[in-house]
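Below is one structure, written out as structure tokens; the observations come after it.
Naming follows writing order (A, B, C, D and E), and every chain is counted from residue 1.
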Amino acid sequence: MTTPLLETRNLTITFGGVIAANDVSLKIEAGRNLAIIGPNGAGKTTFLNICTGWIKPRKGQVLFQGEDVTALPPRKIVQRGVARAFQIPQLFTEHTALENLLIAAAARDGMRNPLIDLHDTPARDEMLHLLEMVNCADVAHRLVVELSEGQRKLIDIAVALALKPRLLLMDEPTSGVASSEKDGIMEILITALAEAKVTSVFVEHDMGIVQKYADEVAVWNAGNVQLRGAPAEILEHPDVIRDVIGEVA
Amino acid sequence: MLQLKSLDASIGIIPILRGVDISLQAAETVALIGRNGAGKTTVLRTIMGFTKVTRGEILFEGAPVTALHPPKRPALGIGYAPEDRRLFSAFTVEENILLPAQAAGLDKGETRRRLERAYHILPELKAMTDRPGGAVSGGQGKMVALARALMLGTKLIMLDEPFQGLAPALAQRYAEALRTLRDTDRSVTLIITESNPALLRGFADRTLVIERGEVAAGTLDAERTPA
Amino acid sequence: KPDSLKVGMTTFLTGPASVFGVPARDAMDILVANLNDAGGIDGVPVEVSYIDEGAGAEALSSEFRRMVETGGADVMFAAISSGNCQTLAPLAEDLKVPNFLWDCGTQKIFEEHDYKYVFRTQANATPEMLAAVIYLLKVKPDFKTLAVVNQDYAWGRDSWDIFSTALKAMKPDVEVVGEFFPKFGAPDFSTEISRLQALRPDVVLSTSWGGDLDTFVQQASQRGLMNTSTFVLPLAESSLERLGSALPAGQIVGARGDHYFLHPERRDDADFKAFMTEYEEKTGSVSVYSVFHASQALAALKAGYEKAIADNGGTWPDKDQFVAAMEGLTFQGLGLPVTIRADHQGIEAQLMGTSVQTGDYPFATLENIMVFDGAELTAPVGAVSTEWVGALDASFMDGLSISTFDK
Amino acid sequence: MNVTIFLLALFDGVSYAALVFIVALGLTLIFGVMRILNVAHGSLYAIGAYATVSLTGFALSMGAAPILAFPLMLISAVLVGLLIGGPIEVLLLRRIYNKPEVLQLLVTFAVFMILEDVQRLVWGTQPYFQSAVLQSLGNITVLGVTYTVYQLILLPLVAVALLLGLRFFLRHTLNGKLILATTEDREAAQSIGIDADRVFLLTFIVGAILAGLGGALASPTTSILPGMGADMIVLSFAVVATAGLGQIEGAALTALMIGLGRSFAIYFWPEIAVLVPYLIMVLVLLVRPEGLFGSPAARKI
Amino acid sequence: MSSVSTAPKTDAPKHPKSMLWIVGVVLLAAVPFAVPSLQLLVTFALAKGLAVVGVTVLLRAGQVSFGHALFFGIAAYACAFLMAAIPGADLALLLLVGTLGALLAGLCVGLFVVRYRGIFFGMLNLAFSMIFWSILEKFYHITGGADGIRLPRPTVLGMALERGPFELILYYLAIVLMVVLGWVTIRWFASPVGQIFQTIKTNETRLEYLGVSPRRALLSGYLLSALLCGVGGVLMGVAQGAVTPEYVWWVRSAEMVFIAVLGGAGSVRGAFLGALIYEIVRTYASAYAGDIWQMLLGAFLLIIILFAPGGLIGIFGSLAGRAVKEDAK
């Protein structure tokens, strides 16, 4: 069979007694959208942190397209085609929304001419389009400090997309996004990803979204994958209902 | 008990809120909804005194607080849980929760009582009392911020997207807990901003919709809250 | 004949060296006022304006330039800092403005370059240090060990070079047991002093000045170092009053020339007396060597113009006539007469003494004073000081003409 | 290396370190809490010294006992803190907390320049020296070397006392906690009822008092003259950086390293003495990029 | 930093404001004939201005260096030693060697300091400048210690010149360098590389997650800043005719930051404007206000920061803006 896009083997890490990752072994196949759900503090973000080299596991490896990237710093992993949108948006707050994307594009394309204006880079239209995709075209020229939490979340996702990754990791993409817009945005997002053949892994607390957009669901608990399977069956699973979803779904 | 009278507020030089009129009865629960960037957070921050009020005034229990020095406001009995958690990483979770009480100079007994109340509503926190505030997960952080708001919030509690990032099971449990809190302690008024009204269904007495810094639709009663 | 003679003087009004700069300015104000009351120079009043050397090199040179080019300064007095002298001397030469190096000590200037417009109206480091060495050898011939504590900058280094070269030449058996160069403006010398107490040298040399010297002497006397070692302090004359009772008797004190408010050969002179009293009334403290240096610059100006006028058949000279007159000129400020040599270096007598607490003053004064003839201690025209000094030997001391006074 | 020399160097190092620490302490506190590198600290230090000298001189001329200088030192320090530190915070710094840090740095730099000239206008250019109090404590002779009790014993004691005192204040008092909270997040602190303005004012005044105290305690040992503040400030900056942001224990340890490093240098390699603080800083930061006691600020993501 | 995003736009030629700048440069060019007494002062100011631009570059990344005088001094000393080695060396050669010297030093120091931020970055730079300073003091036999060494007048394209014409040439060289290097820096700020460099100020995590090494990004700007300081140092040394350790003394580094903020933190034009005004205020204050020039300077800075945080450039900008509007009417 083909090598999985991302594979982790026995990832383990603890923070002062707290087990954040407990022997996590997971294969992520290209082309399928994996949703990660689980109670708070289960280790979802930590998992993304390890996969992107932000923290080093005490034990275990991360393989991206078969290559061991465990020891690499985030930028090296990103250069290999992994992009990430964060649970707490990470943006250049003193640049405008558009500039944030243009800079991402520049980082992606490599910055050749040191004297051309960032705003004149060819990627401009593409980036404006991305902003529209996440309903932020209207704030394209506002500084990020001036934006609301939800707006930042969305732009953070757009920045990750701007990198044209093979694998996109999103940490609670829709949390803080107004419910009226969640659906629309996910819709556009997922189709765009499909077109661009981008595999996505997203941590999500909104089961509606999971149900609708995930090809597969992994349930995290106490630092490890408790269950994995198709959304339909997982979301019916009693444990999941007890620990994650709650009675009235 | 709280009134915003035709309020204009700006952040820096940029005007955000325009002619906001809100008036809350004691002990009612109001949901503040609206799309991203509508101005929900700004309303709360304005009540806390972190924006520049350019017009109109704020009355708390009849007394104007528009010009009141921000740090004096929590002492009036206002608890505020900011959207972006804002925990003090140098302190443990419990210290984070206790700090408001200590700053307000509450006596030991009272502080205990309120701490108990917080833990009663958020039992999950008991497990992580002495973890550094900087070392909790996103959702855990929201819980701590919530608990911290409960410490001083004897009259008014303002929660900015309290359920954001919480696993649904937990979120429901909190909605429950808040309800019980409100039912047991009839004096508290709750303002909850939420971009996901479903959770508040049958819980908020009223829903205010904010659009581009203005209170758009008037009040709708709980039953007709849009899902 | 101009209606006034404009002089620009650079001096430290700010920074540590203002302990010299400010007294010099005060003195200059007094002297110029007196000179003008007495009819100025051949009827022409002198106007002095000041530039603060503490304001930094750029401000200094652009201001120096402005004064010469548009400020109409006829003669410049610059500077106190040797560094500034090295920057300004070539500038003055290019601007073709007569410039008196009125206080800086570095001997390099005239030994490394020839100047037409630049003169030094006082001695340089060589005679100043030689006088100290010889005085030491005369009053304390049989000391064995010596340690030095100098400020860590050009003056501290150069003066030590000359002193040690001379000492090795004239008394090769002396052992240098410690060399310390604490940073300029160091607030504390405790460690050096502990070290010295452990080393117990017979003699401790320090050419430091201002606050550094005060601190060093104070801490040394507090901790009794001065009971075990003799201090040689070639610049201590400028600190006598401030040190008060902290400077015990028996330490060797110099004055960068024959500068001493109780100058044995001058103190009975009426003008000298008059100035000293006037200065003390105006400033509340006794004069220090920079005051003498200021007076010499002004005296040189006066004498120079008078000579030039004479040479010019009684009419006011132009710049070049004045410059020509300066060479070989002899003039007298508050100290003994000074002569400008062919290489434009001033020949100035040197005065050394030993501290004593007489009770006449609330601070140490000098006894066993020696006044040296500057000509004998200055490297001959064309010679490089360090080489010349290195070539000396013990016999050099015997040939010297020295006038001594017990106080 | 023989033991006597070693011990002597040790003594010298410690007594020097004590003074360095006392001066750097206030700076560390202010920087740790307000994130402002207070250049004016140097002037406060100098003015503390000048004030002490003047007051003591006056008292002595009134025929007071030298020992009276100690209360006078404290008084001068407090005066400096209240009369100069207070206004600086209220009138200047308070207006620019929301501005970039470099602006805050520059404001204190401007204040420094102004105060430098004020000193000269008030106290003139001639150095002062007032060591009556130091002499009144007398000397002790160790291993044949005479030390002043003041430098060898008193200063280190004061330093230790200040260290423990401030430590306790920050760790175990409510005000201390409020200060720490405000340090991390001004708005969050206000939203839970902490009066950030008050906290900052308090901190700055305490820091200023410590600066003044440093000057006061230094005054009997050194010439008081224009520009004395400048050198002290650079040294203190080095201490603050080496210590790690606002780490007072770090400051203590750094001061000790600098003191010992300096004295051993003077004993065995005088030429590098002046470089010691910088070499120590470079070496420390090489192994601990966040300073001795500093810890990397983990960004939440 | 909105100035970042708007800076390039206001550069568009024929924009009335940038016309004003051209006028400014022309006025400067007229100085030697209009007010010759200012010529040397302006030369110094421009030399400093170039160094200040160097500091400004780093300010754009939120980093303050307390030791950039190091590169200023290294370049100047490189020239002085070159002149000693090759008497009558050419100005062009000095410029080249001095700048390369600074660049090289920038690389060595840079590789080390880019690992640090904030006070650590600032103080490490200070440390290196102080280390170099005391080397200059210690090896006084070679460096002349605190008195420094002379930097005799170099030839210009082979011609040995008198001071008068030489300084005139130097003056215009300074103006040309200001225009060229200023323009390059502004373009660089607006360029992708420059923009990435500036993101260091706000979020290195995101930068890392864009696949860019923050240290590499910082180094790029650090080298530019060292180069600018170097050019400034060469001009200053040659104009002064002597170099002293004062060139690398921390006070000078502080002065650079001072001017950068005075002119308008982060603004290239502000750096030069600031340097000019600073030099004038300082020189005349010390000439006429005797011994309180420091106080005046300090007060001046306070007023600027408190009432015009945009710096002189901000004031100028708004004035110009108004002027332009008036023209429009």
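The criterion applied here is as follows: a residue touches a chain if its C-beta (ideal position, glycine included) is under 8 Å from a C-beta of that chain, and two chains touch if they have at least 3 such contacts.
For each chain, UniProt lists the protein as follows: A, B = ATP-binding cassette domain-containing protein; D = Branched-chain amino acid ABC transporter permease.
No experiment lies behind these values; they were computed from the predicted model shown.
Within the contact network of the assembly, the step distance from subunit B to subunit C comes to 2. Following the contact convention of this document, A is the list of chains adjacent to both subunit B and subunit D. Centroid analysis (C-alpha atoms only) places B farthest from subunit E.
For this pair, subunit A with subunit D, the centres built from the Cα atoms lie 49 Å apart.
Here the CA centre of subunit A is 44 Å from the CA centre of subunit E. Averaged C-alpha coordinates put the centre of subunit A at 29 Å from the centre of subunit B.
With centres defined as mean CA coordinates, subunit E is found 50 Å away from subunit B. Counting only residues that touch two or more partner chains, subunit E has 138, 205, 291, 294. Counting partner chains per residue, subunit D shows two or more touched chains at residues 117, 120, 271, 274, 300-301.
Residues of subunit B in contact with at least two other chains: 138.
Pairs of chains in mutual contact: A-B, A-D, A-E, B-D, C-D, C-E, D-E. Contact residues of subunit A toward subunit E in the complex are 52, 73-76, 78-79, 83-84, 90-96, 99, 102-104, 106-108, 111, 113-119, 121, 143, 159, 163.
Contact residues on subunit D toward subunit E in their complex (touch as defined above): 31, 37, 92, 95-96, 99-103, 105-107, 109-114, 116-118, 120-121, 230, 234, 237-238, 240-241, 245, 271, 274-275, 278-279, 281-282, 285, 289-291, 299, 301.
Taken together, the subunit A residues at the contact with subunit B in this complex read 15-16, 18, 37-41, 45, 87-88, 135, 139, 146-151, 154, 171-172, 175-181, 205-207, 242-249. Residue ranges of subunit E in contact with subunit C, taken from their complex: 36-37, 40-41, 44, 48, 137-138, 140, 144-148, 150, 162-163, 236, 240-242, 244, 246, 279, 282-283, 286-287, 290-291, 293-294.
By the touch criterion stated above, subunit A contacts subunit D in their complex at residues 45, 49, 54, 86-88, 90.
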